[in-house]
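Common to both upcoming complexes is chain A, partnered first by chain B, then by chain C.
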Partner chain A sequence: MTLYFKYMMLLFKSQMQYRASFLLLTLGQCLTPFTVFAGLYFMFDRFGQLQGWDFYEVALCFAVTQMAFSITECFARGFDTFSSLIVSGNFDRLLVRPRSTVVQVFGSRFEFTRIGRLFLSAVVLIWAVTNINVDWTFLKIVALFFMVASGIVIFTSIFILTASISFWTVQGLEIANIFTDGGREMTQYPLNIYQKWVRRFFTFVIPFGCVNYVPLLFILNRDGYQHPVYALTPLAGVLFLIPCLIVWRIGVRHYRSTGS
Partner chain B sequence: MIRVQGISKSFLVAKRPSGIRHAVKSLFHREYTTVEALQDISFSIAPGEIVGYIGPNGAGKSTTIKVMSGILVPDRGTCSIMGYTPWLDRVPYVQNIGVVFGQRSQLWWDVPVMDSFELLRDIYKIPPAAYRDTLTLLIDTLDLKDIIHTPVRQLSLGQRMRCEIAASLLHSPSILFLDEPTIGLDAVSKIAVRHFIKTINKEKGVTVILTTHDMNDIEALADRILLIGKGSLLYDGSVQGLRSQFGTRRTITAEYRENAHPLQIPGATLLSWTPDRAILSVDTEQIMMSEAITQLSSQVELLDVTIDTQPIEDIIVQMYKEYQL
Partner chain C sequence: MMKPYISVFKLRISNGLQYRAAALAGIGTQFFFGFMFIMIFEAFYAHTSGTPPMTLAEVITYTWLKQAFLAFIVLWFRDDELFQLITSGNIAYELCRPSGIYGLWYVKLLAQRLASAMLRCFPILILVIFLPEPYGLQLPTDFTSFLLFLATLFVGLLMIVSLSMLIYISVFITMSPAGSLLLFSVFGDFFAGLVIPVPLMPNWMQQIVYVLPFHWTADFPFRVFTGNLSKTEALTGLCIQSIWLVGLIAVGKFAMDRALRRIVVQGG
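Coming up: the complex of A and B.
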């Protein structure tokens, strides 16, 4: 873990070499989700509510997802862009160092500009939390915290899983973005606005539902979800990491280097 | 120390004929060919040796290095290095080796060299005292003092290569793999790199395995060479041995007082002839050198004679031809 921070410091120094680029990218990262959020706002402004969900409730959902995603993109960017490490053959270098490949890939890249996106989602989160019609208890705050934390774990797991695929395909797969970007877009809204099969997929295959939708219902005190155990459902999402790491291990064994 | 036995590795390569039509077609249907990158390679290397690993492009040099450094898993065969099997005991094993890929950097591009070194110190968990000693030694012998605080992207290739070699030695490995360490370097940097390799081999007893296309590297460094071609090991022995086995030809350049008749010496071929100068190629397996000189002096009045042995480069080219590589 300390090594991970050492990697982070070094790459932060690298990033600071290009200050103007860093500032502009950060600003850009702040504005992209802002336009999406503005869309959300105007939609509710026009229609009032969405299948029984009011604006602040959806905004909370949106903020949690965006926050988890931006933190993941900042810290697990190495897995997101992993195929470039394979194509260039630089993965060889990682293999001749006496540390686990997972730590080294994590440390291979950080996307500090995601701070912009994180900043925006934090603002939306605070706005939603202060305006939403909820009596905040300790358990609800814990649930909210778990939502973000497990969201990070799930997005990271998906990054690892899609990175593993490039051991076989060499080039990265855009199809994987269905689950990362797609997952993000989906879970910005409460899951029950979708078709049943979509809901099932995002609950049992990729457990976004466990980390986002169910605890949200708990926080909002909806019928049938008042039991404190629902506050802890995000922890189930963490289990998703295990199969992803197993696939990663198989992939490393399967690795065939490129070039001379 | 290093024992490689019967290593084989093949790759499945998709056939990709050029042209758009074939590119589209290969999306749906693809033919594969198996390329035997390594076939039954065996050798062993003792501690403290410098071994030159040579062969034409695509012969399997890098593949062997990758198997030995634990990057690739071979299809068949065993490899035991310091008691470890590289691809099974990767993490404990790589603590003992240093690897330099001449064409790929291991330094972080945008930060000063020193920062990269410090991160490597943490990656390899080098104790502070040992790190300080090694670093001082490396800075002195590789003359890095002036460049260590410069970002890597501003270094020249020669400077960078010196830093690369230093970086791979920070954790005091007992084996150093160098994959084309002198590629693209100017004469001065090449000599500096060679000198350094020789020094750490002598003083720290580091076993060095290097691949190269520059035969001067081999002649300056390697006591022993391994020649690989098309995935098979073709020669394993000393540079002198290679010369006596393959380099049996000598070139005689003779200058003499004007003589109208071309020279005729059995067992030697005339490469060029003018009335006062001739160059002959002598095959020492057919005619003794002393015999050739005697013949020569009986036919003309010699003024000057120089005898050149075949450069190792020519021998290698000749071997490539012989094995049809």
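Coming up: the complex of A and C.
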């Protein structure tokens, strides 16, 4: 863990060397979800509601997903750009060091500019939380916290999984975006607005549903979801990390250097 | 006189057509995103009380066209090579060439977009025509509006290339592509109607959008296709598009000349 923070400090210092570019990028990162959110706001302005969800409820959903995703991108960027490490053969260097590969890949990249995105999602979150029609209890706050935390774990797991694929394919695959960017776009809205097969896939294969949808129903006090156990469903999402790490291990064992 | 431009264009097209596997993966991704956007719109339309300014079928067709012609309409479709030329100083080689640099880059960018769209648009379009009822693409009612769509899409493509030329020119001044590219493309894409179709925006926002050039590149041709705009509107729009195009190219050329006059190449 100390090693990880050392990596982090080093990269932070190096990124701060280009202050103007850093600030501009941060601002840009903040604006991308901003236009998406503006689109969402305009849609509600036009249609009033979305299958029984009102604006602040969806905004909460949006904020939780964006927050989890931006934190993940900030810290797990190394896995996102992992295929370049394979292509250049630099992964060999990681293998000879006496530390776990996972920690080293984590430490290889940090995107601090994602703070812009995080900032925007925090603003939306506060806006939604203060306006939403919910009486906040301790358990609900815990549920909200778990939603973000295990959202981070799931996005990280997906990053690890897609990175492991490049052990076999060498090049990263654009199709993997379906699970990262697609998962993000998808879970910005409550899952029940989608077709059944989509909902099933994103609940049982990739457990976004347990993280995002079910606890949201609990927070909103919807019928049938009032039992406190639903506040803890996000923890089930954490289990997704295990198979992903196993695939990663198999991948590392399978790894053959590209040379150069 | 046009020969060097045409050969650069051909070269780039065949270069772009090499990446077929990447295009295939891209098609899969765009399909998924298309379905997702449609499901979201469908959910919004499910319990609507008033009559929205676009029907659901129009929005679905709009979405598929957007996914199919993504390479024609997004601003962030960029050529890192050109950025590197500018920031590394290799621009000096380009300046030695006997043909004008604006025209050369223009055809380069145009060819890239065309090649990428050729690979991706036909498979998507063909598949979505045969999709079952609510999800399928609705063809325009008659052949004239289809021709009008092609014309407006093409002028829109020329416009988007001249808009993205402005981004490249701005790099001469800022020397860092990331910032200007991001700001320009984020807002450009929103104003072009890529996040949500322009008619669905509130009125005050529409007024802003209609003043800016961006919506002519995507929103306008797509609405000609869906029949949301009448043929006379399409024709007048085509004229306005052409005026914008001439204006943008003139501004771009002027700015490029100015930037090149001040340029300092530092060896290396």
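Please note the rule applied: the second predicted complex is superposed on the first by the 259 of 260 C-alpha atoms of A that agree within 3 Å, B and C clash if a C-alpha of one lies under 4 Å from a C-alpha of the other, contacts with A are read in each partner's own complex, and residues count from 1 in each chain.
Please note the rule applied: a residue touches a chain if its C-beta (ideal position, glycine included) is under 8 Å from a C-beta of that chain, and two chains touch if they have at least 3 such contacts.
Note that the structure is predicted; figures quoted are calculated from it, not measured.
After superposition on chain A, the partners chain B and chain C are accommodated together without colliding. Within the superposed three-chain model, A:89 lies in touch with chain B and out of touch with chain C [touch as defined at top]. Contact with neither chain B nor chain C is seen for A:133 once the two complexes are overlaid on the shared chain. In the superposition on chain A, contact is made by A:256 with chain B only, not with chain C. Among chain B and chain C, the chain that touches a larger number of residues in chain A is C. In the superposed model, the angle subtended at the C-alpha centre of chain A by the C-alpha centres of chain B and chain C comes to 90 degrees, rounded to the nearest 10.
In the superposed model, A:97 lies in contact with chain B only, and not with chain C. In the superposition on chain A, contact is made by A:7 with chain B only, not with chain C. Touch criterion met: A:51 reaches chain C, while chain B stays clear of it.
Closest contact between chain B and chain C, by C-alpha atoms in the overlaid model: 6 Å.
Residues common to the contacts of chain A with chain B and with chain C across the two structures: none.
Here chain A touches chain B in the complex through residues 2-3, 6-7, 10-11, 13-14, 17-18, 88-90, 92-93, 95-100, 253, 255-257, 259-260, going by the rule given at the top.
Residue ranges on chain A touching chain C, taken from their complex, read 21, 24-25, 27-29, 31-32, 34-36, 38-39, 42-43, 45-52, 173-175, 177-178, 182, 185-186, 189, 193-195, 198.
By the touch criterion stated above, chain C contacts chain A in their complex at residues 22, 25-26, 28-29, 32-33, 35-36, 39-40, 43-49, 52, 176, 178-179, 182-183, 186-187, 189-190, 195-196, 200-202, 205. Considering their complex, residues 11, 57, 61-62, 66, 69-73, 90-92, 94-95, 97, 99, 101, 103-104, 106, 108-111, 115-116, 118-119, 122-125, 151, 179-180 of chain B touch chain A.
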